[in-house]
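The next part holds the structures, each set out as structure tokens.
There are two complexes below, and they share chain A, which is joined by chain B in the first and by chain C in the second.
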Partner chain A sequence: MNKLVKLFITSISAITLALVSFSSSFAKVEGDYIVLGSAISLTGKYSSNGVHTQNGYNMAVDRINKMGGVEVQGKKYKFEIIYYDDESNPKRAAQLAERLIKQDGVHYMLGPYSSGLTKAIAPVTEKYKIPMVEANGASRSLFTKGYKYLFAVLSPANQYLEVAIDLAVEKNGGKGVKIAQAFEQDAFSQDVRLGILDAAKRTGSEIIIDDKLPKELNDMAATLAKVKATKPDVLVVSGHTKGALTAIRQISEMKVDVPMLAMTHCDAAKLSKQHGKKSEYALCASQWHKNLSYKDKFFGSGKKYAKDFQKEFGYDPPYQSAESSAALLVFKDAFERANSFDRDAVRDALVDTEMQTFYGNIKFGPGGQNVAKPMILFQVRCKGDDCENRVVAPTKWASDKFYHPIPKWSERS
Partner chain B sequence: MDFLIFKAPMLMVQASLDGILLGILFALIAYGMALQWGVMNIINIAQGDLVILGGYIAYTMYLAGIHPAWGVIVSPIIMFFVGWALYKLVINKVVDRDLFISILATFGIAIVFQQLMNFIFGADVVVAQSEYGTTMLFDNSVTLPNSKIFSAFISVLYAVALVIYMKKSKLGRAIRATAQNARAAKILGVDTEKVYAATFGINAALCGIAGALISITLTLHPYVGLPYTVRSFMIVIVAGLGNLPAVALSGMGLGLFEEFADYILGTEFRIGAVFMLLVFILVYRRFKLSKKREYLK
Partner chain C sequence: MGNIKQKDLILYSGLIILGLAAPYLFSAFKVQLTYLCVLIVLAMTWNLQGGEMGYNTFGNILFYGLGMYLTASVQVGMFFPLAEWTESGGEKTFVHTTAQYFQGIGVGLLVSAIIPAIVAGAIGYAILGLRGHYFAICTLGLGIAAGEIAGGIEIIGAGQGFTTPPFPAEIVDTEARGKFFYFLSFALLIGTFVFVKYIYGSRFKLILNAIRDNEDKAEAMGIQTMKYKITGWMCSAFFCGLAGGIMGGLIGYIDSTDVAFDGREMGVFMVLMAILGGKGTLWGPVIGATLFHFFKEGLWTLILGWQYVALGVLIVVIVIYFPEGLMGWLREKYPERFGEVIDEKDRKAQVELK
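Moving on to the complex of A and B:
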């Protein structure tokens, strides 16, 4: 009996102790720190972009903390982020979001990498009314669900390649063009496709090939043979990095001549590095480029950001890093305007966001998407074997002229 | 449905050649699978991941400035020892157990391999450049990448070499004997343990060759192994075990079928069509078997 009582007392005290330590971590703001949470892909198939995202977040946290932090009610606070590895798995990401909110007491979230994972986390943050600023989920369906606590600093997926169709029509003297398109069957690529359908309708263009690429895509020879036979004015391909690399490999091998080739994920695929000259003239959609003329007081300009990032992490920042850094700037701005740590006050402040960052203008539409920043297009251009991405549209930021039409393979050296 | 292919005969030629060239490469992977399935009664779910690992070996050579085509010699040598080690570590413990255990074990190996490759080579999609150029036929209307022709040629070369080796060499005979009856082979003095290890090593080496060829014809990524496993599984199911000409034919047939399904039904049904074919073949086989059984009664 005595033993049982002892056991009882021990377990009670253990539970109490656990509860005490549990509740002490139940604070969104600890001392001088505002704690943000993020589930991020550090392993698994998204790990490289996950790391780009994390580096972007970390860079901004360092910079904001160094430059005085966030001022709320006269007191200066610093940012701190709790990260968990979601293993590139949506289910795991949703679990981790729950854990961040319920166990770690996080009241403000930063997004994961990719549309799929953001989709998995958004219902959780919405349920607990946790404001989430995300920088890597572009799928249109994220912004049509009526989420009130989701804010995306990037342009939605359907805008990725619309500009390319406009450009093709412009080059065709305002007349509609013939479009061949091949998209992977995932949420993001299908959203890009919807954008093209809209643009085709708007410009009176005709879609002559509309292929859906399987997820385990590694061969698009059939699509390209059809392109060769039907001679469209534009070929549009979107299938993440694998799609971009496969397309360039097979277009060059099969000597497919199209006047214009538009794609997504060129910089993530390191297209110009992996395929060199073969990727020349490819037109690529991008959220950001370092040469754009946006400015802010934390990072200065895009060029300065790229330089600092290179110094810190040893590689040129892809747009995934830049947009992630921008997410922190948005949070800082919202906290200061809300002048409070009340979640709803912060959420309301986020709704009213209207600012310029080195990454671009940010203003959230009713669905939470950024409506103030256009997508840009760059074209791969080579000098000898050295290839780089040059901005060609929109004209306001174009550093180079858009090269059209793409020379035939027989004329390319 | 799209019947463009019937209006343009050149597309038909293109599709057929693409399908056959790719099919030969798949047949090589399938042959490895058939070999170790026949000898050891193991369905290797990690087959595709061995292929990708072989590809990464060639890719590493490419990064070091060596032409990736040399991978077809280096990769199988390394992969043979990888296979051998894998046998000694894991497979020898499941080789006598039922099929389900071996599927589970190799599934586990597949996951470990994927994560290891992700850890070592990163999650980016990569390609190795062979710079082999293109062969143009029929006034440039049919194009064949030389890398694909090269890969088909190498696949045939290795397959023929393997058949001769299996027929003529001592180890080859031992492998065939073990496949026919492991117990009898053991009684007659064949070291079946060694035969199993060698078989698994040879399978891994075949995967290594295929991987090196894939690095110059398609793309590499730590997580794309599974489709290769599924395809080779399908080819083996259709062709049966231990019959190389049938494996080669069924590989080419599958390649052709895939290409034509792509043109006619659309790219999105390419893989689906292959699965439908598998279901059809399995049902047909069952139907034939059940007929036979009735006779026996």
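Moving on to the complex of A and C:
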């Protein structure tokens, strides 16, 4: 026992020494680099969207660094990002945020992917007064907590599919419609649901199916069977990438006829590529589309961004990547206007942000959400076997007409 | 406790001093240290069932999650309408004063210890009649079911999740929150350790061992096994609930399946840590949890994307090479250091018998 105790004490002191020498934290600005931190979902249920987010960040970092970097007090700095994998788990994300701030000495954060993870990280960044520009946490409850250091470049989640309900009512001659809806049980999708509830109340529509789907959903046959039986006017589904893929797969397998299908995350799921004609006529909410006419000097237009992104990563950028790139443009702009690395100065500069990026106009409301950019809707349309997303609403940006109602499966070739 | 040996006294006081000094020595690692304390508590309490009683439970995560929700709900509900707090569309912002925050968490933790213990009693009464893998599978269902149910209850945020009250803004020191939760978890760790050590010196532990080794014989000897099994589980639930309550406050955001009833991670980790260190020993879970936490924090980020593969390999290695855990392995190698006297004659006789 004596030796064992000695061994134990020795190892503890060794670890102690190692930790003490390790815990001297780095600076937020190292040499010519401004170090940003981000916990990203590289594994777990959000891994595909996590990678879209990371690609968006990396693309913008490369571009800004190549084009001269960030100028603060006459000196040029480059961006650098420290990434950790949060495993799509809020508990892990909060822990990693703490680690980025306390151990890696990060003073400026970029958001993770998804509302749930952003909700877990925001209390940490708020506590240490670390400005966080996030691009993938749209849940409305993020913006009602009175957070002062949280800035979101996207529109809040409840706005995602409200437009779709308005569109359905319009097609129904202004009368209320029958809505069937199914939402994943997570912060984001539940917020989309609240938006639909508001829209239903406003338009006098009736919700006839209101299902909750499990996380990482792979099956929604029960909901679809009900849809088949009750014949609603609109079917609304939201459940991140997997939700979109599952919905299209099972709707086509079960040949469910519904006049209008509204979803989220179609472009992240590469729906038009993965399911081709089966996904035709699906209506999708999006924060961004490459055909919109916003511009900035780093990426040019949306179309140019899409082309460059395609060249770099080999696929069409979903809006998750675009908004993530925009987050870095916001940071660059704020650093230069603050002309300082003082966290509060940068935070104050972020509050005053008013700019146009290729992704859209950005101006933060009192809660930190972007109030300058509307949501858009696109519809998957096919020519032969070639399918693509076309913007159908709002009318100001619409490149195509909205096709309604969806033809029955028996009539589709 | 008067008969603690001097050697042990040095060890314990050394560890307590280290524990008290740790947040000042490694200021940047406070959160990880807090996690470590909670992980050790979970491993030690799991060991009471899995190690001592021979009932492999996956259900302890139920008490952990329950404690988390209860603490947060009480902390909010004591001062504000809970439904408005969790409703995401709510435009009102509620702020706890410093006094409210600490009163809330105090009462919340009390509740989060008592209610899970009662729940454990009730569930235990129903299912502790099951044995072996039937019990394991049944408890596996408990955690999953709880996660799904919690995800449907609007008043605790349902699928939206539950944001726990932020640390009072009046306390300007940004280190205060980290220290508060660290010392809370450290106190819990000491409490749990003292309790488990007390059990190790009691008849109660022998009864649990008897149940593990042969339940029918134990019963035949007149032990009311059911009573002891339930009591054992209630003890575990008591500490698991507290651990959950502290974690909820520390993480700041409770999600039904990913944070609270996180059977896939915490639920598996607590089993793994106890087995790694050696189940059925006092120090095994402590050492197992510590090693596991260092492994996880140290290597996890170096092998991004492969960490779960590494974890899988680790599990395989543990099961194949250290089926009795590190303590078991050490005990086999150096039995004399564990105070075991080997009777050479008896050993030879046994070899001959084989």
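Keep this in mind: the second predicted complex is superposed on the first by the 385 of 413 C-alpha atoms of A that agree within 3 Å, B and C clash if a C-alpha of one lies under 4 Å from a C-alpha of the other, contacts with A are read in each partner's own complex, and residues count from 1 in each chain.
Going forward, a residue touches a chain if its C-beta (ideal position, glycine included) is under 8 Å from a C-beta of that chain, and two chains touch if they have at least 3 such contacts.
Here the structure is a predicted model, which means the values were calculated and not measured.
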Residue contacts with chain A in the superposition, chain B compared against chain C: C
Touched partner set for A:Glu253, first chain B, second chain C, both or neither: first
Touched partner set for A:Ala222, first chain B, second chain C, both or neither: first
Contacts of A:Thr43 with chain B and chain C, given as first, second, both or neither: both
First, second, both or neither for A:His275, with chain B first and chain C second: first
A:Lys145 touches, of chain B and chain C: first, second, both or neither? second
Touching partner for A:Tyr403 - first (chain B), second (chain C), both, neither: neither
Chain B versus chain C as contact partner of A:Ala182, first or second or both or neither: first
Touched partner set for A:Thr241, first chain B, second chain C, both or neither: first
Which superposed partner A:Asp211 touches (first chain B, second chain C, both, neither): first
Footprint overlap on chain A, comparing chain B with chain C: 43, 88, 185, 212, 214
Residues of chain B touching chain A in the complex: 4, 8, 10-11, 14-15, 18, 22, 115, 118-119, 122-127, 129, 134, 136, 140-141, 143, 145, 147-148, 218-219, 221-224, 226-227, 259, 262-263, 266-268, 270-271
Interfacial residue positions of chain A with respect to chain B in the complex: 43-49, 88, 182, 185, 211-214, 216, 218-223, 225-226, 228-230, 240-242, 245-246, 249-250, 253-255, 269-270, 274-276
Chain A residues touching chain C - in the complex, by the definition given at the top: 1-5, 8-9, 12, 15-16, 19-20, 23, 25, 42-43, 83-85, 87-91, 94-95, 98-99, 102-103, 116, 119-120, 123-124, 126-129, 139-141, 144-146, 158, 183-187, 189-191, 194, 212, 214-215
Residue ranges of chain C touching chain A (in the complex, touch as defined): 7, 11, 14, 18, 25-32, 35, 88-93, 95, 148, 151-152, 158-161, 163, 166-167, 174, 177, 247, 250-253, 255-259, 262, 265, 294, 300-301, 304-305, 307-308, 330, 334, 337-339
